[in-house]
Structures are given as structure tokens and as C-alpha cells.
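Submitted below is the structure of interest, expressed as C-alpha cells.
Think of it as A, B and C in the order they're written, each chain with its own count starting at 1.
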Amino acid sequence: MVFQEKLTFATHGRGTISITDAIRQQVHLSGITTGLCHVFLQHTSASLLFCENADPDVRTDLERYMARLVADGDPIFEHTAEGPDDMSAHIRTMLSGSDLTLPVSNGQCDLGVWQGVYLWEHRTSGHRRSLTVTVSGE
Amino acid sequence: MVFQEKLTFATHGRGTISITDAIRQQVHLSGITTGLCHVFLQHTSASLLFCENADPDVRTDLERYMARLVADGDPIFEHTAEGPDDMSAHIRTMLSGSDLTLPVSNGQCDLGVWQGVYLWEHRTSGHRRSLTVTVSGE
Amino acid sequence: MVFQEKLTFATHGRGTISITDAIRQQVHLSGITTGLCHVFLQHTSASLLFCENADPDVRTDLERYMARLVADGDPIFEHTAEGPDDMSAHIRTMLSGSDLTLPVSNGQCDLGVWQGVYLWEHRTSGHRRSLTVTVSGE
């Protein structure tokens, strides 16, 4: 059995947005009891990640770390047409990844207690971001 | 056909543990001939990776590299309640990933000759780590 | 329904090769309409990534960034038997990943307009690289 749905999220510049509830809802709608839920982001300057869901400092620390690791406007970049955050956004995406898969057990997302699913916008301005959720199993 | 099992591993502080044999065993138990095996770690301070399985120096070099790239107790961190290795463990997890999928062919894990599957503990003390293995196919 | 095929690519040293068309072709051959396409690289010194497919500068910038982040011949490396690019290739692979999954919708790869799939060779000399494509769904 395969269930597939497209979702859109509006971001407000660099930072993480919890999509855990939206993913849980799609798993519920799928009616699938045991299987997998795949989430795919159709962009190359935003990414998906599993992250600690309790203390919001974790995600601001993550952002601060990433801003230092991949500096906007790095003089080695030649791809600068869309501004200093364009190439850094592509590199951040490569490092954190555009797709993830999580297990479905007993009709629910089988996440750890402290695990959330986040959409991470890497551009400094807001964007509409499309993702495809595919739930498969029985 | 979907087969799903939960496994637990005890870690002994920072470092990698081979889980290749445990994964191979689950694929064997599933009875699935052609398909995919998904492995998911229910934690945000430990990760999963494919890595060279022959020379153990590869994994100690990896550890040494990561310790330098993501310094414990970095002064930019605000999430420090659980000690200097807490936030660095979350960042290491983001960089290396919490889930992976490998093909199943002829009833076996279709890994390359030099490829192993590892659980990577990022906290300095040992923990019990839970993972869910899902094998799907026919 | 599960479709599985093995592909081989010849690389010519460090750099990215588009495998988008080859993946699209396998999805077409599978006859699957709705589901997932998993791509797995059976090596630990080359990786797979989704990346911007329009401006080739993106991939040369990515290469330049990675060469600085993971220096060949770093004095902390002990795994040096195959040369200065051996251990750095393993670390690059860990950071960018060896497997990826993308949705299949209406019988096609459901990639974003600017998204391509790339094989990233991390060794300085060319290699033959094997990958397994698994398409599942209905």
C-alpha cells in the first residue's frame, strides 16, 4: 500500500520549522499500520532534519554553528548571482540532507521521545517550500 | 511484505560500534529476497553511518576529525545543561544522520565489500540506544 | 512491486557526475506509478547528493568548499596507506551520504525543477563505481 501527499510550507527566512505534526497527520491519513514514511524536500537551499524537540536553544545553537561553518559571502564562491546566502544555502543543504525516512509502527510515527522533524530554511528571506510525503507498508 | 524489529545497543561513550551483523540477521529473519532495509535511530545525540570496515584507523581518524570540527564546550553554545558534549552531540548527529537505507538483493544486504554499518555514539558516556529495523519488499 | 537494477559509472577523479537521467530511466523501466526510488552507492569514498542542476558553478564551489573543510593529508590522519586523499574521501562520504531516496509520482521522479542527482567522486583518481537502484510502489 502506498499513500502520497504534497505539502507546502511558508518559511520566514533562515531557521527551523517543526513539521512533526504535519507528518504525523499524513501517517494517520494513510491508514498504514507498519511501514515507512519518507519525506522529500523539492529544493536545494533548504533541508530536512531530525532534531531534539524540547529545548529551542538546540536549534538556535545549530543555526549559529552552521552560520560559522558555512559563511555567507565566502570569497571562494563564484555562484553569487542571488546574493551572499545563495551558495552557502546549497552547502548547508548538502550537509544536512533533503530527504529522510522514519518508521511507522502501530499506525504512528515511530520517533524517539525527544525527536522532532524539522524543515530548515537556509535562505535569509522567506520561501514557499514543497515537500512530498510517501507512506508505504501494510 | 513488511518486517519490523526493534533492537537495543549499549554504547560505552564516544565511538563507533559495528551493527552490520545485527542488520544482516534481521534481513535474514525477514525472509525478504528483494527490497530495502531501513535502519532508524531514535536519538538525537548518536547517529548511523556507512563506513569502511577493514582498517579501524578509519573510524578513529573520523572521530578525531569530528572532535575538531565540532568542539565540545564551544562558547557559542547555549544548550549546555547536560555538559560540554551535549550540543556537540546534536550537531554531530545532524552532520552524519539518524537514518539509512540499504538494498536487499538475493535475500542479503547488498553492501559493498568494504562497507559496514555503524552506530556512532556522540556522548562521552555510555547510553542504551534503540533502533528500528524495517525490511520491505518481496 | 519491487524493481531493482545495478548500474556502474566510471569517474574521472574528484568531482560530480549527473546521474539524474540514468535514475529517471530506471524509474521508467520499473513501470511503477507511485512510490519511491532508492539509490545506493556501494563505496565509502564516493557519495550521492541532490544538488542544484542549472549553474555548474554550484558544484565547483561545493568542491572547493569541501577541499578546504576536509584537507587532504591532514596530519591528524593515521589511515594514509592509499595516499593523502584516502581518509579525506571517507570523511567527505560521511558528510554527504551514500544513499538517497526520492518519490515517484505519475510514473516519474518527483524532483524539484532545480534538483539533480549526482554521484560525487572523492578520490583524486578515477574509479568504477557501482550503485543499486531500487524502485518500489504500485
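One rule holds in what follows: a residue touches a chain if its C-beta (ideal position, glycine included) is under 8 Å from a C-beta of that chain, and two chains touch if they have at least 3 such contacts.
Keep in mind that this is a model prediction, so the values were computed, not measured.
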For the copies chain A and chain C, the interface residues, called same if over half of the numbers are used by both and different if under half, are different
Please report how far chain A has to rotate so that its Cα atoms sit on those of chain B, a copy of the same sequence, as a value between 0 and 180° in steps of 5. 120
With chain centres defined as C-alpha means, what is the inter-centre distance between chain A and chain C in Å? 20
Touching at least two other chains at once: which residues of chain B meet that condition? 69, 95, 97, 101, 136
Where on chain A is chain B touching in the complex? 34-36, 49-52, 55, 57-58, 60-62, 64-65, 68-69, 95-97, 100-103, 105, 110-115, 136-138
Could you please specify the touching residues of chain B with respect to chain A in the complex? 1-2, 4, 38, 40-45, 69-70, 74, 76-79, 81, 87, 90-91, 93-95, 97-99, 101, 130, 132, 134, 136
